[in-house]
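Presented below are the structures under discussion, each in the form of structure tokens.
Shared between the two complexes below is chain A, which has chain B as its partner in the first and chain C in the second.
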Partner chain A sequence: MANTVGLVQQITWVDPIVCVGVGPSVPLATWLFVRFGAGDTDAELAFKKAAVAVLVRAQAAGYPVDVEHAAGGAEIEGVTFGEFDISPVGLAVHDDFYAVTGSAIPANAELVFETAALSVTVTPDLVRPHWVFVAQLPSAVPVGRNLVRLEAAGGWQSDSVPIDVVSGPAAVVRVLYPGAPKPDPYGIGFVANPGIVTEAGSFTADPLLTNRAGFHDTIGFCLRTLLTLTEDCLRQGDWDQEMRFVALFDSTLIANDANCLTSELLNSDTMQPRKENVGPFLLRYGVTADVALVIHGSTTHTRAWTWASVDDPARPGTAYVYDGVPRVHGHYSQTPGSAALWVDMDRTVITPLHESFHGAADFNNGRVVDLYNDVMQGNFMVNKKARAQAVNPIPAVFANYNGTAFQSDQNRDGLGYLPGWTSYHPALIDATRPNVMDNYKLIGADSVNCRLDGLTYAFLSDRLRVKLTR
Partner chain B sequence: MAETTGIVQKLNVIPGAAVACIWIGPTPTNTELLFIAYQAGDPASSTAYQSSLVDALAAAVVTRREVVATHDATSARITSLRIDPA
Partner chain C sequence: MEPLDPGLRDALKRAHPTLTDHDIDRYEELLARRAALDPATDREEIERLDRERAEMAKRLMPHYAEVSQAFAAQRRRPERQRPNVRTTIKRPEP
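== the complex of A and B ==
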């Protein structure tokens, strides 16, 4: 067998043969052919027709092909195409999200879009070893055929992939990263909130629907916060390469009961997600998520709130033991975790990470709660316990999780437990800064270095692991 | 039945064997290998359907569109395909 690799330069149909020129130019092409024979079976004819169709697609797209044929012969026996070391995700649309995937991508990689006349370099909003993400594709990238590649200082460079750039419209549903190629990869969804239930109980349009640029910028911020900060719970072992990230922005929706995904909390500045609405809303668009971040544009209720997901008890789970009590990490959600996040939230602190950890926990079987208050109400909490009285000493051991004893945080890092508090927390991974679930805002921009406590890290890691491998 | 969702990273058509191999996944190195194949006894309508599947997957390669390929839970043979709105 021999292989001829190159661009499809010319295709000629002369009954019963299709001739294909493969190479750098027509004069230098190697000429190969597909023959539709009278003795061919229906299946052979169908797949020969398919092979020709592939060659036509490759020619139109400017993709190289790898054509297999007998050594010394020209009859085509196999055609392969699509082989690049990077993969653009979806259409390239001005002002829409844009992503390119690959492997071992350097952290300083940039996107280069090239036409015969112009080269445009775009600095991504997020770079992971397997994923480069741009929140809005700049209109400086020329419309029409481009070659896109990744480049990094030091000479690293990917293959160039032909793409067609269009000026619009931006997609309603956009896959930002496809996730593991299997049924039900762990999903994180970003949703533009169509409507708000006001404190008075009426439905009102969310101003976010006229602020698409703000939505995009917020998602860029959220992704950087989830996947690039010191706390690595979500990205450890590059787990995020198995997660699916999807964004949904539908500006055509009216504010009604089904479309309002947030509600104003009475007598507060807090916006709550309407947790029962979020999953069914996403499903209308064919989107499923384990955690959904609902972005809203309220100017009065800007404080975030998150509901933990509710695991589906009717589907498989993995057992764990907490302080001798058998419990279960459910593999699937019945109700996704949902957070309501303000589009103009403070970009210097780690709110999306904090809220995502609330959402990734389980409402019934292990909540990960706020540590900046002394509230002890509600279902089982993984990361908070209370003494009988505030004057009682904090136990040395906080909890035993799956056979490991996790110590208590005797000092609440540098913040200290407030007088009168009975609650106490597990020991931190990094005791020099507040817990991600505590009052991280007190240290401002340094909150990017906050960590979880060891127990919550182990608990959430186990939950993620069983969901990623479901 | 099971669904495999992702970008079509690579497509290989072998007419003589009446087989097409399809690599679907989020990155070029993180893929599932599925296939479309003629099976003895398939009517002409099936082979035409299979050819149509290959054509759709070839289109998905160049448009970078995500596909949802359905196959038996214990088989990699694609039986149906969906391409959602972009």
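== the complex of A and C ==
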């Protein structure tokens, strides 16, 4: 057997033979063929049809093929194509998201788009070992057929994949990263909020719907915050390659009860997600999420608020024990966690990470709460307990989770428990900075180095693990 | 919930000279207690907390909305910087 490798330059059908030219150009092509015969068995016919179909698709896509044929002969015995070490995600559309997946991608990788006349290099907004993400594909990338590849200093380079770049329109629903190839990978959704319920109770269009660029930029910021900072809970072991990330921006919607995904909180600067609306809204577009980050463009209510997800008790779960009490990490959400995030939120601090951890917890069976106040109200809290009196000593052991004793934070890192507080927290992973769930704003830009406490890290990691493997 | 920005806390105190950190902490506590409740089952308690917070805001921070909006406007993100793009024009192959 011999193999001819190259681009499909030409396909000609002269009944009963399909001739295929494979090589760098038509004059230099090697001519091979598939012959259809009246005596072909069903299996032979199926193979020949499939081989021709693959060659036609490879020619249209510009993918190189590897054609197997007899040594010294030209009759095709097998065709292989599409073996690239990277894979573009979705269409390449100017000003829309653009992503490429792969493996062992260096952190300094750049995207290179190449035509016969131009080479355009784009620095991504996010690089993970399995994913390169650009919040908006620059219009400097020429419309039409391009070869896209990844390159990194030091000589690393991926395969070049042919793609067709178009000028628009940007998609309504865009898969940013597909996640595990199964029906229900753990999902993180980014949603452009169509409408707001005002303090007065009326429905008003969200200004974000006229600010698509802001939505894209905010998602780039959120992804960097979730997946590249010192706190690695979401990306540990490259778990994020099992997660599905989806963005939804529908500028055609009117502000009505079903479409308003946020509401202004009375007498405050805070915007709340309407948690009961978020899941059904996403489902209208065929999107499911475990945590949805609703981006809004209000100019009056700019402070973020999150509702924890509500696990579905009717579906499978994994048992855990907290201080001797048996509980369950649900594998599926009944109501996704939902955060309302301002499109112009402070880019120097870690608000999306803080809010996502609230959202990833369970409202009924294990909340991960704010540590910057002394409030002890509501359902079971994983990361906060209270003494009977503020003068009582903080117990050495905070809690026992699944057989492991987690120590208490005696000092609340460098912030200190305020006089009169009865509440106390689990010991931090890094005691030199505030907990991600505490007042990270007090240290400004250094908050990018904040960590969780060990107990919350273990709890959220277990929750993620059971949902990722459902 | 996003922590109150220390800059906004200062701005609120500047706009309301009699306002104390203790007052702000109490307001924040009412907000946090509301966040812990389920709107589906705790409506009455939420409404009670909202009334108390509204009364507090009216009495101690009548300019809360203007101050917080001005603060947010100052912090508004500048126009987005496009990703770093480098374009090379290649000589056509002969």
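Everything that follows uses one rule, which is that the second predicted complex is superposed on the first by the 456 of 470 C-alpha atoms of A that agree within 3 Å, B and C clash if a C-alpha of one lies under 4 Å from a C-alpha of the other, contacts with A are read in each partner's own complex, and residues count from 1 in each chain.
The rule is simple: contacts are C-beta pairs under 8 Å (C-beta built on N, C-alpha and C of every residue); 3 or more make two chains touch, one makes a residue touch a chain.
This is a predicted model, so every value here is computed, not measured.
Looking at the shared chain after the overlay, A:R470 reaches neither chain B nor chain C. Contacts of A:P178 after superposition: chain B is touched, whereas chain C is not reached.
In the superposition on chain A, A:R235 makes contact with neither chain B nor chain C. Contacts of A:D344 after superposition on the shared chain: chain C is touched, whereas chain B is not.
In the superposed pair of complexes, A:R145 makes contact with neither chain B nor chain C. Applying the stated contact rule after C-alpha superposition, one finds that A:F84 touches chain B and leaves chain C untouched. Of the two partner chains placed around the shared chain by superposition, neither chain B nor chain C is touched by A:R387.
In the superposed model, A:R212 makes contact with neither chain B nor chain C.
Residues of chain B that touch chain A in their complex: 2-20, 23-32, 38, 42, 44, 47-48, 50-51, 54-55, 58-59, 61-66, 84-86. For chain A in complex with chain C, the touching residues are 116-125, 134-136, 138, 140, 213-214, 217, 265-270, 299-300, 302-306, 342, 344, 346-347, 351, 354-355, 358, 363, 367, 369-370, 372-375, 377-379, 438-442. Against chain B, in their complex, chain A makes its touches with residues 34, 41-51, 53-54, 57-58, 60-61, 63, 68, 76-91, 101-103, 130-131, 162-163, 171-173, 175, 177-183, 185, 241, 244, 286. Within the complex formed with chain A, the residues of chain C that make contact are 1-6, 8, 25, 28-29, 31-38, 50, 53-54, 57-58, 64-65, 68-69, 72-73, 75-77, 80, 82-90, 92-93.
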